[in-house]
């Protein structure tokens, strides 16, 4: 694969993206601080390449409080034998490094949600500059890309691969084939317009076969989600013939969240007491739970009901919810 | 019981603490804001009283991100029939109201951990003024007190009642009897000096029979912990003859955390991958887990080991730990 | 009126903008928080529609500390009888909801002045996303629009409707007719370039007949300003034949603030002591007041003079001014 | 008057408090900043002394957003002729200088409300160190003291002198005589325990005849309040024989706010629409106003009623109130 | 010179840029604050003009903690005799006034590094609006421009003029001639793409002969750097025939920093102990210094080496460095 | 030496303070964070002990931006051979670890200047708890103590040992002997009351022979100051017979800063241009420098003069000063 002519970026890669074997280093993103005008943020990057084959970009730490992907890619970087590989894997195990170091969804530097920053801006804030570099310098190198998300601090979620419902059927088939190979219990398909500010949409605009995921949540490192992730990324490598063998694991259930009726939102601040556990089958109109107000101790809690039935795919993680927070999301089979 | 002469406090109770039946209202704590010099914080309080009998103070929301006690006391306030009661229950379901509204351990107003503020200060910050009021105006009214804690955002913990190992054996026996009645799976006994800045220590300095608890954690409302709490507070009322009936539930296991060797601390920042689940039996020297550093992707993670064996009583909740955070605490049978 | 094809926006309206009768609900604007990745801000919206007639958009809470319009629209939403209406009124009584809840001009979420955010950006911050939605989804539905402002915390101002001096005379006549109908004591006409980032300019770019206003200030809810506002919005409905009757009240005085000479700016920080009350007739060169410096108690205060004569239309609200703040603005008859 | 032996304080006075004539300078309070370890805060002080006579301490800027006293004392410092004086006036026109420079009630340095800091602490924060100095170094020099307050940003208030109801009748008579001389329209007497953290209480603990005041509010410089203040401080000088002449102005009305029933508190956040203007005579049970919630536009506003009748002495200044804020305070004749 | 048609900007100049003699005043940039909706930032500007001749723009305070240029231009504004001048000098001695008043690199208002804001945005934040004004209203008036920088708080640097290596040789020659005239000990030439967000690049896009500089650092006012600057700006005026005489001083050494190998970056946080002083000749592979980690007191410090040899042109100023900070930069002769 | 009975402290030492040889570990100070209720701060501590002899406590990082002592003690910890020692050295190379990690004078955790926290408070903030531990657990073990300071970010200072002028002459002689041994170019003696909140005063209250120092400043690691420090601490060990040999280096000049007249304070904010370099001999009334105001470019700078003559011992580090900052301090020979 030939390098696309890339736009000017202030980011410097300290490693050779075309080297054979395993190479580890950093992407250096300028970050002007009051006490360090020429300071930089060093984003860890690992490239493992051997012989002929596709280029796959695996990323984690897009949101800093989503841990399964970060640990899975760190382990893959240490354990993958370059000699066993055909092609090139580019790993960004802590892509949005400032957020990953903070353990927060958004960056403490510029307050940005990195997955709302694509296609980025070479003169913008740290997150925008990095998004622009990934869009203009890394995605053009890739045949496929997977961005490993989890629910983060705010939500708990059943382990799932996530893809977009796309107009180009052949292209979408390639995404679904990658999702089947990844082998998460669920594959959740979202109808999203192509102009979205996510890495997934950016990859699609570049014609790269792309997926994201939700592999746990509630701000914890979920052991089951981690196992799904570690198996999944090796499955994807096998799917592309980059590793020997065939993908392992059960068949993924294809689901959708059709519309807003499948969300239950908190109408006011309060403590959320869910009626059902994650993974329950729920019915429209059933009680989803109670929202407790501490301000008026004798007033009854607000009862909320599901607006649609299906699988309880996602719930609020922390006990306290703010007005407007989703406290439950229901998915249906495609 | 006669009212002890209380020290001067700027807090005003808007309800009559000696009224019969159920009374709900607020404690009004002055809080001078830049845009409201005479502003107040209104702490919800419920008193349920009927005939003769002891006075029991039940508190939750000492830390704002500990939810089982808050929901249990809100439900008790709504559902307890005053006519069925003998004595007086004083309920503060969201005691440290500013933290409870924020869903954070510490107050967004003064940054204080309320359970490090006793015996308080009538001229101090909001938390100190409130602590002083509880110590000087509420505790002297009480025969017994229970402060309902959970692990909060940072730690996940097996449901437990918590008490102090006290020099006065008869006094300690009364605490243990209350703990047995409460009926949590575990009763954890801590050796704490009497001068501690917690509400539990303040109650002990006043000679009130007192317990705290840990009823779940990881910042969630834990359904099992909630059930233990709801049963437990009614059990305590039965124990004191304030409700008819006898305490229900299994026998509580008495345990201790003898020394620092039973804690595993993170030596540096990183993502904590625990080797064992909460409740596992672990042995000294076994691997407790890995601490992953994202800065150097090819370096092996730091392996940590247990310094003592026993029951894995408490683990780090969020995936990311800071240097100095406990990532595991081991308890032993007394 | 036909729905214009709207640009993609991440905002979801939970109500049907074409329903007959009165419908109340929310616009849901995504707001990714560290503890709620899929959180939303719920902007209250009320639509009252009946039969044929024009569509009028009434907005308040563009700046959160301007109260007359917010209260007037809340009252209109509760009291307007749908059966008495011909046409459709869309009400956003607390349009920039995060700022309105905070009681501050700018949003505590993204620090943005909402009236400097148009035409918005569907991938930007909360304020920009909302501005984009109003510009692309609501304004195209409207024949006329009025955005109800007051002076806010920083300035006190004579109740006025405000419009732009426009090149298109016929269009400007329609604005002036609406201003005459509104019936504020003053109609203040500003020369503003068409590319401005305000809602007023956005409406003009869409060809909607549009006004804003200044209905009091100093961060208070001004009873006189409130009365002017409540009468004014009903007057506008009558003007458009949407309610029976004719506009009530006195004739509005048309005025302008021609240039910078009509502003008095504080040259340094200090306490502003005005020489005249709001509404006074002042002359060029007269003393406008004293600016007191507390740092040097024996130094005389700085005397400031008016740069032009006319009506003292606006004064600094708070006693302390910063260098660069306008402490007086003088208006002249057109 | 002889200097009392003062406690050790890190504050340095750069002027001689015993000099004759007019002396202006600063009190230097240490303030360790990250970029200036040995930095100081310079509090302006003016001493005017001539011949024999009492020592009077006049202070303003205790709260930084209360302006009438600050401007009145700055003017007095410039205009009082030392030759016309008998005795000594010590002026601190911007006593809590960090808050006065910020125009905020509380200090931006340590977040302290200065009038909650007495008797101070020589090792505490800037506000505590300064309070300790005033208590230990200035108050012992004084025969009388007056601390000039206004309502500040949050409340609007009828111009009043304020004193404490004291057990020592002779002492209280001297305070009332000074209040009568000051000549504000109202003299408001508060029952306050002697241990309060205010400057007024500190003065009383030292046996100094002392008053505070409320001379306007809503964060503005009120022209009428300023006139009352300027006349009042000269009246006090005349009362003590320090200036020739007799106090001028009308008779002050002595009032009290007997208990909490005379306060109307906001039960939740909202926009406050007062039913009455400041100075109205109101009756128990009458509607005090409406509290508007913007979250639910069709819900009726919360109507609040007066808990006691009398003179509407104080109202909320800004339109938006927080739960717990007083929105109205009623005073009764003594 | 004719005024270029300028784009609409909300900035108002309070002085006449075409007046003869010396004129001082402000550029007024709108800055909406919560307590001052129509507030402005007043940027000091001085214009000195006499007869025929070129227009030269001299700016300092682009970064607020770079002092040599600020003091040099303030002195020039006071001391330059208009009668001695031929042409026009426009001086912005504290261009990014909010940062200059704070003494910080970036603005406390919007957190922006002003030299990353060009070509600006008339609807953006304060820094962007000002950058847009300078780009569209001042640069089109100019024949030459010099923006006076120093190292700021974070770095210490040898006094240097700085220019870009440009494709247009004749244009670059004019820059080099101006640099030779300025007469700093070093002229550092940077290869920078033309699209950069700096004032220097903005000037180049307008075809203005332009330079920046580095005249000291470590957050101090360096006496030697100040002397170089004061002489240098007069030298430039002589170079353009705007003052009589010829440029004074030694020959400037032309140098470059060819690539990343000439930077030494801190791989982790620590205290930087440099092996060499600024100005030393260093060799590739030599020890550049030690980075001390305080967390593990017995671990050896991290030794860092130069990646290329040359002149030690720039070193880290403060003792503590963050991961990613440059601790040494080496320059080579062109 | 016998261990004094220590007061209860929540700090745990993870090392044995009585072990022979070299032992390194941490003091664990509880620090309740919102996301880690049982979190701790780990303060590095090293004990080197061998045979009989005195106990010496050496501390650095009291202020986090003072680097010479930190690096000197880290090096001593690595390089001192236990076998060569007679006695015990306790090293806290980064005593106030939160500030040292931040590189700031004050702690980012609680905003406290650690050297204003003694004798501390076991229930206070992190800094107060640590100060209490050092005062109650470490000082009682010691014969002598030296706390290594530098000027920090805000001031630049001639390398000096610092001691107090004490009433007990014999005790003071022991301090002076230790200062002579240390061998800094200057020994600066301060008249400080015994009740001060510094570690030096705390040591004196315990009867420990104690010194502090100023070994450079301006936020840099000064090579000369570092050399003085490294030699000095070994000199002190030799002085106490803990290492073989005699103290090396020149004779220290004993000086004092007698009163406020020896300080030059900035009367307003501005850029400080010093007239003299550190170490110059200056005379009373001579110009100390200019303070430049950027707000009014044509106004002359404020000229400041020395209030007393002597050695220019200390100057402002950063170019920008705030009102009240010392910009020069003059010392005189004793």
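The letters A, B, C, D, E and F name the chains in turn, as written, and every chain counts its residues from 1.
Keep in mind that, in the parts below, a residue touches a chain if its C-beta (ideal position, glycine included) is under 8 Å from a C-beta of that chain, and two chains touch if they have at least 3 such contacts.
Nothing here was measured: the structure is a model prediction, and the numbers come from that model.
Shared contact partners of chain D and chain F are B, C.
Note on connectivity: the fewest chain-to-chain touch steps from chain B to chain F number 1. Of the two chain pairs examined here, B-E and A-E, the one linked by more C-beta pairs in contact is A-E.
Residue numbering shows that chain A and chain C use the same positions for less than half of their mutual interface. Put simply, the C-alpha centre of chain A and that of chain B have 36 angstrom between them. Centre-to-centre spacing of chain A and chain D amounts to 57 Å, using the average Cα coordinate of each chain. Spacing of chain A relative to chain F, judged by their CA centroids, is 49 angstrom.
Looking at chain C, residues 35, 42, 65, 103, 153, 295, 318, 323 sit in touch with two or more other chains.
If each chain is drawn as a node and touching chains are joined, the picture fits none of the line, ring, star or complete shapes. By the contact rule set out at the top, the touching chain pairs are A-B, A-C, A-D, A-E, B-D, B-E, B-F, C-D, C-E, C-F, D-F, E-F. Contacts from chain B toward chain E in the complex involve residues 268, 295, 323. For chain E in complex with chain A, the residues that touch the partner chain are 63, 65, 104-106, 113, 116, 151-155, 193, 195, 197, 260, 265, 267, 316, 318, 321-326, 329. Contact residues of chain B toward chain D in the complex are 8, 12, 14, 28, 31-42, 123.
Interface of chain F with chain E (complex): residues 22, 24, 42, 44-46, 61, 64-65, 67, 70-71, 73-74, 77-78, 91, 93-94, 97, 100-103, 153, 218-221, 223, 226, 269, 271-274, 277, 292, 294-298, 300-301, 317-320.
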